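Letters A, B, C and D mark the chains as written, and numbering starts fresh at 1 in each.
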């Protein structure tokens, strides 16, 4: 459990290192699938005062298993993603500038270049607006549900698309572990900026053809990947 | 008094740390409500040469109580805010890039996303232009007055709206203490940037619905707040 | 060989220092023309864990001469450039933000100012799209071929134009040695940003007149250069 | 003379510190009016290898008085400014990003806010294009001449306007000493960015009224200044 707390602690610091969060914004978590435990950042604690010991352990229903702090206010969002997607081991939420801008503009980030295609198999989708009832009800749970709904509507698996923009709010990303989810959050911010600039230079820029998208995505993912040392 | 000088000193350095000021631009102050004293940055002293001892203590009429330096040339603006708003304990002025751009464009920053709504209960308003008579009269005092007028015209309390853009000039923010006012200045700059990018991506982007604005603002403010460890 | 490995190692770190790459993106290589060897970054190794010893040595056909790692997945692109351009000694590939935006927008970067003209003798051209057959065939080799084709179509030598944007993808640059190629990659990013901003301010901005372009390019290049200490 | 070399050395490093130059771009100089000597950066020497001893001393005709290096290739521009403006003691040239963008767009930077007005008494003007004959003749001398011509055409003194944009090229600034000229270069870049963003938000944004411009400029300049400790 200490190892997982350490990993979650470091993934949270990655968000600072990649300039994806200010103050206490954002959070990273991990899940230990064997024990059914989720480790997550405590709520409202600043990144430079945070310690690995402060990471909170909860079960999939949100019951605190270990820890003296309140877990992140976004815990219910993380938990519904872990419950629904057995293939993921880490979740990250940030308020990174360009990804938030796309979320606030309620536009999907187009797959407009190979940097994007190396990580995301298509445009990064944006959710529908939450209803007033959803917002006034179990808001954080509904935020997770609308992420799942958005992937489904777009016919995407969490392996193909490791992030969604929640409308008016910002990005959630995931991966095999919390470090992987943090990498996806950083790449999402960079590709959000590249797409922003590209559309300024050429408002008619189009999504990549499927053969170029797949070439790049599959260079790095799946059985035929040939990028890296493995 | 030394404790308050230290707090004001640190809040001024926060402005540098968050890249909200260049050279000698900007200033932070605090008020000790019991004694009626205001502690403020000295005028035109550079942040990396400044010491806590140089912070100037004045009363609410601007009379110097303690200190060997001249107080900030914006002192009269700070004082009128302290006189009018008994609930505030810190004031900050910066020339941060994006907030200044909105002030120069004479546009309120829309409440276009939840990052904004976590801190500001509605669009951050921009003041009317000062008149020639106001500018040639007690300019810094009139600057404070037009901030108060702007809040009033928008039906906002200083708790609901912790900052105003002075037209053609830039942002003033406040809070419970000078560190809090500096946080609000940093958040204002970040949300000013996010709103700038959002409107480039979607010129039709609208203010949040009241139920989403209130959900986020009240997660962090007031009696029903549930964000953080308290 | 160790000296060249060290140079290639340092040129790769230059890419990080100039903020041209994230994570494992990008790569720099050098060629020893006497021995016919090319030294290149290993594939998918992160810049802060990389050592000089890990640089991979291959011959011009891509056969590994020395090294325990797999060479960069872009090696075939570098090799075809070395085979075709005997005057170059270093090649660099990055995913730098503004250069990628121009590549994704499929627009050449105009020679719109003297900063550009000091390094590039005309607009930095963008390649045509690769065909589906090229992408599904020897993709990285075809990427190099289209760079060569792009220079040829524009009537440019690799000395006159030390970089090309590959459409949808990003910049490749070269030079006398890997450090020189890294400088050209950094300048390309900066002039890509300047051109982006310039066209926002003035969509009618035009390429420099030939006499101003040549004045600046030849101040720094060729026999009549008079910039610097030599 | 060593003191002046040290000041010029430090002003050159200020350009790096304020992120106004890359590689060997840009240069700062100072003039000792009593002796008639100008101290300037050597040509093409990188900022992190440069030493105070390498600063070159020339007279107003460009004859080298002291130093083992070639002076900056822009020396003739600096000298004509010193000859024409007896009130200045320092000159700086940079290729800072936003100021270059305005120069390349051939647009004056409007005096659109008080940050600008604190330093520049009106829009920062842009020069006319140099003619082919001027460029092929004494190019660097003509660059200085067109700066002088630009001030004159706009009815401005070097005290009122401490910088000019050379069309297609970039900013030159000056001041009482090289540190002051470097401050003006940094402020010019920041106000160039603020003006860029302002016009994106409000293309109809106008120059300040004279009474607000003068209020701010004269708070910091001239006999009635009341900003700072003096």
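By our rule, contacts are C-beta pairs under 8 Å (C-beta built on N, C-alpha and C of every residue); 3 or more make two chains touch, one makes a residue touch a chain.
Note that the structure is a prediction, hence the values are computed from the model and not measured.
Peer 1: Can you tell me which chain lies farthest from chain B, using the average of the Cα atoms as each chain's centre?
Peer 2: C
Peer 1: On C-alpha atoms alone, could you tell me the rotation angle mapping chain A onto chain D? Nearest 5 degrees is fine.
Peer 2: In short, 180 degrees.
Peer 1: Distance-wise, how many Å sit between the C-alpha centres of chain B and chain C, to the nearest whole number?
Peer 2: 46
Peer 1: Using Cα averages as centroids, what's the distance between chain A and chain B in whole Å?
Peer 2: Spacing between the chain centres: roughly 33 Å.
Peer 1: Counting only residues that touch at least two other chains, what does the list for chain A look like?
Peer 2: As it turns out, chain A has residues touching two or more other chains at 200.
Peer 1: Go ahead and list every pair of chains that touch.
Peer 2: Applying the touch criterion to every chain pair yields A-B, A-C, B-D, C-D.
Peer 1: Tell me, which parts of chain B touch chain A in their complex?
Peer 2: By the definition above, chain B touches chain A via 112-115, 183, 186-187, 190, 193-195, 197-198, 200-202, 205, 208-209, 211-212, 215, 219, 226-229.
Peer 1: For the complex, give me every residue of chain B touching chain D.
Peer 2: 22-25, 42-45, 69-70, 73, 95, 97-98, 100-107, 130, 132, 135-136, 139, 168-170, 196, 199-200
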